[in-house]
Amino acid sequence: MALAKDTAEEEGVVGARREKSALGLVLAHRGVLMGGGLLLAMVLVAIVGPNFTSDPMALNPTQRLKPPSMELWFGTDFLGRDVFARVVSGARVSLVVGVAVAAVAVAIGLFLGMIAGYIRALDAPIMRIMDGLMSIPGILLAIALVSLSGATLMTVIVAIVVPEIPRVVRLVRSVVLTVREEPYVEAAIAAGTRTPLVMTRHILPNTIAPLIVQATYICGSAMLLEAILGFLGAGIPPEIPSWGNIMSEGRTYFQISPWIIFYPGIALAITVLAVNVMGDGLRDTLDPRIARKM
Amino acid sequence: SVLGKAAYGQGKSVLRVIPHADLKNLDPIWTTAYITRNHGYLIYDTLFAMDEDFKPQPQMVDSWTVSDDKKTWTFTLREGLKFHDGAPVKAEDCVASLKRWGARDGMGQQLMNVTDSLEAVDDRTFEMKLSVPYGLVLESIGKISSNVPFMMPKRVAETDPFEQIKDYTGSGPFRFVSEEWTPGSKVVYEKFEDYVPRDEPPSAAAGGKVAKVDRVEWLYFPDQTTAMNALLAGEVDYFEQPANDLTPILESNPDITVEVNDPLGNIGFARFNHLLPPFNDPEVCRAAIMAMKQEDYMAAGVGDQKYWNTCFSVYPCGTPNASEVGSDVMKVGDPAKAKEALAKTSYDGTPVVIMQPTDIPLLSAFSLVTAEALRKAGFKVEMQAMDWSTLTSRRASREPVDKGGWNMFHTWWIGADVIDPMSIAFSGDPEKGWFGWASDEELEEARKAYPLAKTEEEKLAAAHKVQERLWAIGASGHLGQFFVPVAYSKKVSGLIRSPVQFFWNLSVS
Amino acid sequence: MLRYILMRVLATVPVMAVVALFVFLMLRLSPGDPASVIAGDYATAEDIARIREQLGLNDPIPQQFLTWIGVLLQGDLGTSIFTNLPVTTLIAQRIEPTLMLSLTTIVFSVLVAVPLGAVAAWKSGSLIDRFVMLFSVAGFSVPVFVLGYVLIYVISMKLNLLPVQGYRSPADGLGPFFAHIALPTMTLSVIFIALIARMTRASVIEVLQEDYVRTARAKGQNEFTILIRHALANAAVPIVTVIGIGIALLIGGVVVTESVYNIPGLGRLVLDAVLARDYPIIQGLILFFSFVYIVINLLIDISYSFFDPRIRY
Amino acid sequence: MDHLLSRHRAGDHRAGGQCDGRRAARHARPENCEEDVSEPVLDIRGLTVELPKGADRRYAVDDVRFSVDAGELVCVVGESGSGKSVTAFTVMGLNPPRALKPVAGEVMVQGIDVLKQSTRAMRRLRGEKMAMIFQEPMTALNPVIKVGEQISEMLEIHTDLSPSDRRKRVLETMGDVNLPEPEKLYHSYPHQLSGGQRQRIMIAMALTLEPALLIADEPTTALDVTTQAQILRLVKDIQRRHGMGVLFITHDFGVVAEIADRVVVMRDGRIVEQGPASEVLNAPKDPYTQMLMAAVPSLTPPERPEPKPADPALEVKGLNKVYGSTGWFSSGRLVHAAQDVELTVRPGETLGVVGESGSGKSTVARCVVRLVDPTSGTVLINGEDVARLDERRLRPHRRDIQIVFQDPYRSLNPRRTVGQSIVEGPMNFGMSAEKALANARELMTVVGLSPDALDRFPHQFSGGQRQRICIARALAMEPKVLIADEAVSALDVSVQAQVLDLLADIRQRFDLAMLFITHDLRVAAQICDRIMVMRHGQVVEQGLTREVYGHPQHDYTRALLAAAPGRETRFAGTAA
């Protein structure tokens, strides 16, 4: 990096600094730093944490509903399971759901959005389907999908992805529609560049920044939605300790053992907050045009 | 409904109840749902009813005679009985109602199997002719739990038993206010002024059903915490089934009484699928049962010791048929021993698919405890989470696991439903039996012998034989007997002790 | 204008068709079987088969779809399997609480969020702006039910200020109505406020950079009037748009809020129906909600011309 | 010391030009002239405005000093970024407060130093003492408020007039700026007015309170030549009638020649020269000004050799383009953007297409390059019709016809090096990477850039350089036809002149047929062999450049030529 900068300056290249520091700019943003740091910590906890806690699944009916103590930091739930261990391993589920949903939604949305934006004939059919999907309230759709097709991690991810797709498609399509009018794209067409190449080489890169930003928001809302589904009893199998499940199971005990809901709730809120703060930061730095809009 | 709201309020007494479930169906013959049964008790009357000692007593019936060959039964109705539309209750109504019930209910079907004719003699009398002397005529007609033979007008009772009734004209102490019914939220009953209660004091379902409030409102709360808060805040009067863990908070409130009303309690069941490996081998079932420790289930699912006890009888402990004959296998409760037993069987490591109904915390907990116990005993276990309604559809499948089948699920029966061998839960008929399809001819013979028994001793012997066979084939794991308390405001009085929730005799000050 | 409205209404037809097909397929291709649910605990396989036959579940899928659509076009959303009541009746029974909760939420949110967002934009970068932004991020991060429980615990249980649960119709008196609806409204509003405040802030900031704001300054107009008369008026379209989009969010939130506060509304109806596999209700409600969403957004699109004279159809 | 000196010089200028340059003004308001002599309406003394850190220079405006007297119109000219707008906004106190800080100097408006005023006091001064009109009349008016009310707002802020009085005043002022049917227009929204009318509304707004100073920041750049001419006349007229001082910012020397009493030339935030218009335009002293003047193209077309007869490289027949789909759910609004357009261009020949905004010039270009599909007609390239070919069969023809766009900043993919952009086309047609790169290096020299620059990214070049790269990219395809759609319109005059030279040179060297689209009659006059005038999608006149300019046949062409600003003026160093 230092080397690149030096040579750039040697050549007297104007503006090289600006280009090189895009990453630096992103990293220097307070939101990205704070949110990212927090998130990194969460990821670490999710990856190595479970090795250091007790078994989150181990039942201990004699230790039911014990309040937090020195041994059991977050207390126990109605089956005497260690809430701390469960919250720590719940981080895995939330992060996996968040990341998987964001990745899948972005991948599918990117594909459909590019097609809709670029191929005139397919625009209307794709967008009508997306409008239809969009008009079904996301939570309803997800509840229905999960409880109708059986609760597994897979179905939960699918159920959360489906309502997110139209938003990504719209975003990508709008970027494609504006970018395809850019003179440089028209110049490429005029130079005989084939359509797939025009799309990947000239249009696709423009979608990346807004997509990264969008992906963080999707990630955050997916984690929330997963928890809500779990809470409503239509989430991931309760055997897997996800934050939503822990809270759902703790719901009945809210007034006698509030810690069962409290700790996973805090963990969830903090994680989503971190993701969102990071998203805002990324948006400010990566995509100032959208930043002003949103 | 605006009119309805305006009509009550001034000077009328209202009992506001949080029922244990949402009333979805209004036909107590068509469904076995307990909530519909309770609804049935509010608006319909019965011919006979079970008293505190589980003895059938006449309710609508005034008197009856049995022929010497014990094959002809003649019943006479009380005078002055009326339906909610004002029409008198006639024998033909009762005949039609009994026939419809007989087409749906298990015990009813058995009774109808031995019934040659059932006909009205005059307006107040009807006659039942049997092919053999049958020991459970009154027990069947006076059945306390689902499906209860409720008396409906003939026109209603002539509805196809497999279709739901649409006319809710009842014969009981309360009237269903259909205009105010909001499924999922609210059901309203009003006192039926023309109901003629018996003179005896109430005793379980029997005795005088005196409506002491003008109006009963069922307000369904999907959320236990909110329900509890509503009772604490005085927004409702009666909470039918608070979660056991909530009782300490309710008990700590001086304005609220918490007590167990159902003397029989509920019995937890772990059900095996006897059609599929590994549980098509009774020894494997027995090994699995050995791994199950009732204390663990009860502690995990119910919690507070005062609401449960271990019970190694297949019949609810405290009822006449209860005994521990052949129950050793259930008493083991030790995964290590189970492991030894399992090693002697044909078990080859086939994974056990347990269906876990995640929307029912108790059963969810049972499933988790079983999973842990079986794993310790050397089983391979696969949990499949689903909601209860998915489970109920999947448990009907006899297919192999990879085609949507299953190996185990958990449920509970209320004590009154498994009080004798006639319960479908104890069936040994692989065709008509209950999900899991345990198969044992000896068991079936013993069950058939029970109603035909001439003496109490014979009856008891048959019941114990059934129990022995059940344990021998490892039909189900029995997970303990537990009691769900009711909680109500101190303003409410007149609660009737019974396995079923009744709303007559209750008053609000 | 009329022509435009007609066109827009026509354009919703394919969208509704997509929704209908999607809903139908989703339910039919799922493994749950309403017949066995209806049949109950003691039912035998024959019972279940008979019920399947009665419900028409054995017909070929396309035929079921056509039958359904045919009935649908007559305004009949079907009959609930369990309660035997028409779905339209169930919706009619439940619509008032949901409608009221949505209305109070929208009104409350707009009243709070728009001034908040506008002030944040005006004082962009200031402490108040930071606060609004923080609040809006937090609003997106706290799950509705956690918030609901906390509010119940603190406000109803500890402080004894408001009822814990339930719903009272405004027809029975405004006092009880507001007392009961206050907490659910607050719970549900948080995310909505976050959304609208954020959008208001963003669009007002953008508008404040417009040339005509500079013109207003060049006239010597004071900043407050500029904010209200020039900036907010021009930011109205995106704000109204985000309210429209937020309807979906609102409906989702209603499901959770109604279940936490035990409000007998449509949200709870749909949740119960899903858990009970009451196909007609689920189908009917999803269609209904989509329809409402589409209609509201249509109205909002049409209302643009009210906020912005440039938009004429 | 230096400052003092220059201050004197500035003063001298003013003294020299006193009342002379403003005879007309004195005529209009003789009683005011004497008072104003002692005090100019605007006097900028050593104004220095600092740029935020990281900008390419330290001061946006550096030690600027000039004044505007009552009844005087002072033009500030200079290329983009020279600090013209910053100066104007500083006077109005409208600069972003944190980004641009005045660090030295005084700005006196009728004796009041606006830099020292409180925000409140400034608000009062704006509108009452000074007013401003902006470049984009569309965006400068609030789209959701009726124009009458927007004018009225001025009175609302500064006077206690009753609503009805306000209304009367507004209608008067609207009449003053020659707006037709003020009563009706009062209730119109900005989008319902034409560009010229909107600018009149802006002017009316500025005039309502009869301020002493009017600042206009490129108020006609966004307008058609014909409209521009009207607005310029109006500004001049009003200035005379009201005896206002006007500070007029522009980069168009034609405009300067048309209206300016005095001229201030800025470069990089500094004033390089100021003086009476005639002096600066005809006999500039500063080398930079001289260079600028020399770069202004003349309206008189030079003598051109007759083009060699040859087969046309591009031939368009009966071309129509209708925008707006006729689909089910479309709004049904159709735009006939090109109607029966016919044209031919021979190798080595340049055909100019002129006409005002929206006349369909770009549409023709885009149809020819097949960026859009023509509705009907034929486009013959080398005798083959490409109008109806599908994309696959069209591709082989693409290399024969290339296009250079107006906006040099958006014409190159910012994420790709210019080298990659240049070789993309040839490689599409199977050229090896090495060969394409070697060609690209050569082309870079042709367009006057270093071949080493191929590895850089577009943002590392200036606008003029980028336009050269775009030309190189087009040439890399070895096309037979080159279309330049407003290829020089976004460039400063000096750069524009260089790029025009380049284009002329290339055309000759590669024997290109060139379709040159512009709205600038001066540019067209210099580069085109033949001219085609478009209006409302139709070709109204076509002919040899000299003939069209010398003896326009069509009324519209005549109006267009008459409206060209500064057509009478001859700039120093202009060729003809």
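When the chains are written out, they are named A, B, C and D in that same order, and each has its own residue count from 1.
Operating definition for what follows: a contact is a pair of C-beta atoms (placed from the backbone, for glycine too) under 8 Å apart; a residue touches a chain by one contact, two chains touch by 3 or more.
Predicted model, so just to flag it, every value in this text is computed and none were measured.
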item	value
Both-way neighbours, i.e. chains that touch chain D and touch chain A	C
Pair joined by more contacting C-beta pairs (A-C or C-D)	A-C
Central subunit by CA centre of mass proxy	C
Euclidean distance of C-alpha centroids - chain A vs chain C, Å	23
Approximate Å spacing (C-alpha centroids) for the pair chain A, chain B	47
Interchain centroid distance [CA atoms averaged], chain B/chain C, Å	40
Numbers and ranges of chain A residues touching at least 2 other chains	147, 150, 233-234, 251, 254-255
Set of chain B residues in contact with two or more other chains	223, 225, 229, 359, 387, 390
Sequence positions of chain C contacting 2 or more other chains	31-32, 149, 157, 259, 271, 275, 277
Complete list of chain pairs which touch one another	A-B, A-C, A-D, B-C, C-D
Chain C residues touching chain A - in the complex, by the definition given at the top	14-19, 22-23, 26-27, 30-32, 133, 137-138, 140-146, 149, 153, 157, 198-199, 202-203, 205-206, 209, 248-249, 251-253, 255-256, 259, 270-271, 274-275, 277, 282, 285-286, 289-290, 293-294, 297
In the complex with chain A, residue positions of chain D that touch it	369, 371, 391, 395-396, 398-399, 401-403, 405-407, 410-413, 415-416, 421, 424-425, 428-429, 452, 456-457, 459-460, 470, 473-474, 477
Touching residues on chain A, where the partner in the complex is chain D	11, 13-16, 18-19, 182-195, 197, 201-202, 205
Complex contact set, residues of chain C against chain D	3-4, 7, 10-11, 210-212, 214-222, 229-230, 233-234, 236, 307-310, 313
Chain A to chain B touching residues, read off their complex	57-59, 61-62, 64-65, 78-80, 147, 150-152, 233-234, 236-239, 249, 251-256
